[in-house]
Amino acid sequence: MQELIARAKELLADGTVARVLGWKAGDLPYNPEPAYFEKEEDFKDFVYNSFCGANLSKFMIEASKLEGKTLVCLKPCDTYSFNQLLSEHRVDRDKAYIVGVGCKGKLDIEKIKKQGIKGIKSISGAEISDEADTLTIDTIYGEKTCAFSDAMLERCHVCKGKEHKIYDEIIGESKETKDAERFAEVERIEAMSPEEKFAFFRKELSKCIRCNACRNVCPACSCRKCVFDSTKFDSSQKANVDSFEEKMFHIIRAFHVAGRCTDCGECSRVCPQGIPLHLFNRKFIKEIDELYGEYQAGETVVEKGPLTSYTFDDVEPGIVAERG
Amino acid sequence: MSTLNNQTEQVKEISGVNPLKCMKCGKCSASCPSFNEMDIKPHQFVSYVQNEDIEALVNSKSLWKCLSCFACVERCPRDVKPGKLIDAARQIVIRQKGQDYLSPNEIPELLDPEIPQQLLVSAFRRYRR
Amino acid sequence: MSIEANEEFKPKIVAFCCNWCSYAGADLAGSSRLAYPADVKIIRVPCSCRVNPMFILRAFEKGADGVILCGCHPGDCHYSTGNFYARRRMTMLFSMLDYMGVENGRTRVEWVSAAEGVKFSTTMNEFVQKIHSLGKNVRLGDLRCRN
Amino acid sequence: MYKIAKENLSALFRKIAESQELYLPIENCGQVNYGVWTEDANVNIDILKTVKSPKDAFFPQSENLYTCVKEDKKISIKAEQLKEQDFVVFGMKACDIQGVEVLDKVFLSEPVDSFYKARREHGVIVAMACGEPEETCFCKVFGIDPADPKADVATWIIDGELFWKPLTDKGEALTDAVKDVFAEDSSADAKVEAKKEEINKITEQLPYMKLSLEGWNGDSLDEKFNSPVWEELYKPCLACGTCTFVCPTCQCYDIKDYDTGHGVQRYRCWDSCMYSDFTMMAHGNNRNSQMQRYRQRFMHKLVYFPANNDGMYSCVGCGRCVEKCPQSLNIVKVIKAFENQGGEKA
Amino acid sequence: MQRIGVFVCHCGTNIAATVDVAKVAEMALNEQGVVHAEDYQYMCSEAGQAKIQAAIKEKNLTGIVVCSCSPRMHETTFREAAERAGLNPYMVEIANIREHCSWIHKDVEEATKKAVILMRAAVAKVNLNAPLKPGESRVTKRALVIGGGIAGIQTALDIADAGYKVDIVEKTPSIGGRMSQLDKTFPTLDCSACILTPKMVEVNKHENVTIYTYSEVEKVSGFVGDFTVDIRKKARSVDMDKCTGCGVCQEKCPSKKTLSEFNRGLNTRSAIYTPFAQAIPNVPVIDRDSCMKFQTGKCGVCSKVCQAGAIDYEQQDEIITEKYGAIVVATGFDMIKLDNYDEYAYSQSPDVITSLELERVMNAAGPTKGHLERLSDGKAPKEMVFIQCVGSRCSDDRGKSYCSKICCMYTAKHAMLIRDKYPDVNVTVFYIDVRTPGKNFDEFYRRAVEDYGVNYIKGQVGKVIPQPDGKLLVRGVDLIDNKQILKEADMVVLAAAIEPNPDVRKIATMLTASIDTNNFLTEAHAKLRPVESPTAGIFLSGVCQGPKDIPETVSQAGAAAVKAIGLLAKDKLMTNPCTAHSDELMCNGCSQCANVCPYGAISYEVKEINDHGVRETRRVAVVNNALCQGCGACTVTCPSGAMDLQGFSNRQILAEVDAICR
């Protein structure tokens, strides 16, 4: 982290960048927030640890409109989102100085709390330099421990790899944290009977409070005005009146990001109700891979995605019914 | 499904060939080094499979005359691969016979180490009757 | 379940037809007096690629029991490529509906050319029959529209 | 005071539910929210904070106001029925109870919101003391005692037993209706007092409990409104509605019409001042930047509301926003930012 | 709020027998916005139209719904009637209660119910209709033809004869194209040069035609009626105005080792050259890659010998920018590379040649001065073998899936010519099928067999094996005799597949014209619009659209010209108003819409947007209404719904959905 700070200060000082987009330490051990740093003294609060899960790519849409370059800290998986935004002309490569920051898996405080750990005073083992496999958590109810991997975000268990796909320079080491199959959950659902599937999603979606956190954090959902906020489609709804509302919202959202979603996992990370929203997007990714060829959005900057291209011999929609 | 039909399906499945793609150009027969020794010619393999007459193929001389050189497979402009078809017919015969005559362990000492692998494989397929 | 056995159920079926092929195919079915159930109501769109998945979900929300999309045969699109995009989009939408446990028989895509009046009619007959066998759509509708 | 063993609680719930609806924390897919008790509900009364606050019981996320039905050219209007049956909300914490009082200020003052009022009149609140408060809690800052909640009934869980103490007439009535399932305990008062002591000791250690609200009142309006600090604070905000929807005091709503095909249903639903289309009007939006929207939320909770309501803040320190904000923003950070700002100035 | 009139047609008994039309009209009055409803015997009749017009005027209608036959029948009729009554024609919607209702249902109650629903949907839509006005765009009265082969020449001539200016852009130093390389043409066997040269001269002399040879299209912008094209005129190093075409420079040029493109690399040419004797313009170019002056700085012979002083080593590429109303693509074809066909020994033996090479061998101006001889040793062949379908009709990745169409005929021609001129040469043709659809084509082929004794064998060749003695051993099969054939040949001629000129990809991208998987340009409709690209204002001439022979090429070239003339004849273009429109307040500028637009109608602008007082400069999509055809692909791709289609807007279609599901 010190190397990162030193380099950021250097680039700020020599005028290469006008500001730095990173994370600012919070007032609890686990709540750093994304922040801009423009002056040397701002860096006293700069932090980069395993709780810095937020994907900063989307902030670059606004930062691209500012004067001068913005140094942005991107983790390997965040760089996919940046590439995708670049493909869609939403960010300006010339306005970004990308520092690929090392990542060894990011933590989910909810998972720690789920283990009954509360009244947290401090957490050790979450620094980026720590090699510890275990987090040691000091609470007012005594010292607790938790395996690092048990506290990891879902997306880290299906890590896309330690490689940054776009960067100006890389600071820090990364580690691939994959220990689960990316599509295992999707396959589990696919294997269910229609009744079970329906019950599963109905239960999960019944929790949805339409806070729109999933949409607003999503780097692919970068619309200036979402169809669900617009009167143009007669689709403007805020209420969770009936379970259909949520289905419509989540199906359409997944459809809109299909072929563009990099599977960055932010939607599931931010959902206050813990809905596994990535299961929608990942279903589409799996379908695209299987029906139209392996495709990873954001792997490179591309012109056309799978839903804006076609081949003559594409499968017919009837395949869905045929394969049962 | 009749047995005959079954065999046709088997041949198609084993070979991975869609005989309907054939445009009857004859390039397979033109390429075949064993043409003159065959009773059923390579281009006819396709029509026999189309006509679901696997029995005739299985009983033909050609079945054991094909060298599996795969010149026809290589040159077929339509990806029909007669060589694969006849090979599939051979497999059917072999499958029907079932048992192996040699155990895998006995094989190495019987072989000349210089012999190309591919030749061995095709020889086993052909002469194991 | 046959249609006769389920007389009281009158399904609502929306058919989106592209202007150039399928709408004309439906016209031909009409002028050839090829009957299909009155449950099918056609909406004319310029091309199958004009059909937004939201239209389909909206139809279900408002109480439709089945939605079918008809367009030109792949390669014959009046706009060259429209139905290719429609094909991918609908494949995606249908797979998601299936994944969420909504009977996938309630949605269908069929390519019907302007000359295929017979196909249009048989397709609609088949589809209506299918919807009859599935019964009323209860998984996607909005309860408020029921009464 | 009465008591009942924790493992027998379902008997109590069943008893209550015999005659009325019972809302209590229910776990569904790993998350605990208030919901209606049923025999197979997965009740979780050990939870400190439900994801959503229990304000739904009185001010649901969406509710119908009336229905228009169109037949040919005739239109008939059917008003929605007001709540007429009693119901019980079980397990509300002190902060959430204070949250309801904040809502009372809004909905029960003129013009009175009849839907809300009917629910308040028919609702009986059974409060529960917080056993193990957490680091995100700061109710004491607003003068709330988590160990001694005030409602129709107060309860404590001590060593596997629930202690039950009616505090109001409504509470007495409920108690009478269900007391078959209770036992009496003469040493109850002492045990409860000891528990309160224990809870207070824990709260002493919590980092946010000593937060200072100095300078946050109606008088500081201009100074706070014009502060440059907001420019820094809002930046990571996603403009999602998480904080407002989990908040026990946020009371903004939108009124919408839904076309059912044969008429229109007018309903209201929670709205969030964080949303870009909040209070959207024909000419556009009053607050057209996220900074303004962000500022609004906190100014409302900490300045405007107390200015209009005898100093009552519309934050109760439940800490839900601290836990749930996707970007780790929250009201505590706002309060602290101004603290620092003040310090620097001095 | 709309004031809508609903008109229900009886269509005699066609509708009225199964639909209670009066009931439909009565029910219409319950619908939102409907202030007038009536039914009538024949709405499309004069009297019916008069009723509509009267109601529009009397009731001050803002929109009408006609419940009648298919809109494909009478939509235009009713739109025009409405327009005559002062109503915008796009405020008319049709509820199809005949083809989609009365004709397919028998039960009156059921059919009436359905008719009411269809009427409701149309009323719901009209409630959201807005008056639309077709746009206008001007037409530049000049056409561009890309490619100067027979297709391009014919198209240019036809357009020029109609009185419009035409420019031809040709990549090589001369016009003439593939046809100029041919010796004789089927099925009449007249000499190619004899019929082509006059056309070349005519086009060159035509006052309306400007020819840019040794030039390429560099950039295309604009749209139908108003294209702007940059043409790169490559430096010829010879002054076109001064050169007299005497040819001395070519004779004297010391660098003569470059393979002749025109003769398919069978012999060499000088560094300063005209491709062939009848080249137009008859002005040589210096091939700078093989010129010693340009490569080493030493030489300059041509400059010294040129009496006219036309040599200009300093000449630079020139960019010409011109405006056009229409563009015709006539980029033609080439033979496929035979690198992947080892079995035919093409790259191993000089005596295995392609048919186009044989054309040059047979041609008096060719490398052998027209003598049929083996290229290896110059000996006269005795046995010649032709192999058909080399790379055509292949489903593997070595060749092309299509039939090249011309090979059967030119092979018959070659066989016949050889047997005619050299009766002692045996000619054998291995074929899969002989395809001769065309006037006098099969007769031609039969002559080759019957009169000239050409030996046609049904079967393919598996391998051609060059022998140590220089002969070629051909192993083929005779499928009729079911025999394998071994034949010693002196020469083997391969009928290689043809493919579109590889440059077409680049050009298609510039023109936003679509191409298929084989790189052929796609026509707007396979049957009904075969010479137009789906991109408005782009026309297709010749083999760039698909394999064809000369007569077909010439007729298609004429057809393309007619289409272009039809466009140029207009002063203004009325554009279909049902086009896409992007709401810039909502547009993200993400380019997804442009990715699916088949017409290249969407471009992007960076501009300042004022969103209720918030000003921001950003990238937004702009639809060119002259190009947009209104398919709507973009509207679904647009996640925010910023892109909408006029006349079929999201809200209109949703209103129809709602009305039907009500």
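By letter and in written order, the chains are A, B, C, D and E; residue numbering begins at 1 in each of them.
Basically, a contact is a pair of C-beta atoms (placed from the backbone, for glycine too) under 8 Å apart; a residue touches a chain by one contact, two chains touch by 3 or more.
Since the model is a prediction, treat every value here as computed from it, not as a measurement.
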Shortest chain-hopping distance from chain B out to chain C: 2
Interface with more contacting C-beta pairs, comparing A-E to D-E: A-E
Centroid-based (C-alpha) most distant chain relative to chain D: B
Inter-chain centre distance, chain C versus chain E - centres from mean C-alpha coordinates, in Å: 34
Separation of mean Cα positions, chain D and chain C [Å, integer]: 46
Intercentroid distance (Cα basis), chain D paired with chain A, Å: 30
Chain D residues counted as touching two or more neighbouring chains: 258, 261
Per-residue multi-chain contacts in chain B, two or more chains: none
Shared interface positions of chain E, touching two or more other chains: 596, 637, 650, 654, 658, 661-662
Touch relationships between chains, expressed as pairs: A-C, A-D, A-E, B-E, C-D, C-E, D-E
Interfacial residue positions of chain E with respect to chain A in the complex: 517, 583, 585-592, 595-596, 604, 616-619, 637, 639-642, 644, 650-651, 654
Touching residues on chain D, where the partner in the complex is chain E: 72-73, 259, 261-262, 283-285, 288-289
Residues of chain C that touch chain E when the two form their complex: 12, 14, 23-24, 26-27, 29-31, 33-36, 38, 41-47, 49-55, 58-59, 62-64, 76, 78-82, 85, 89, 121, 145
Contact footprint of chain E on chain A as seen in their complex: 65, 88-90, 221-227, 230, 232-234, 256-257, 303-305, 307-309, 312
Residue ranges of chain E touching chain D (in the complex, touch as defined): 29-30, 612-614, 658, 661-662
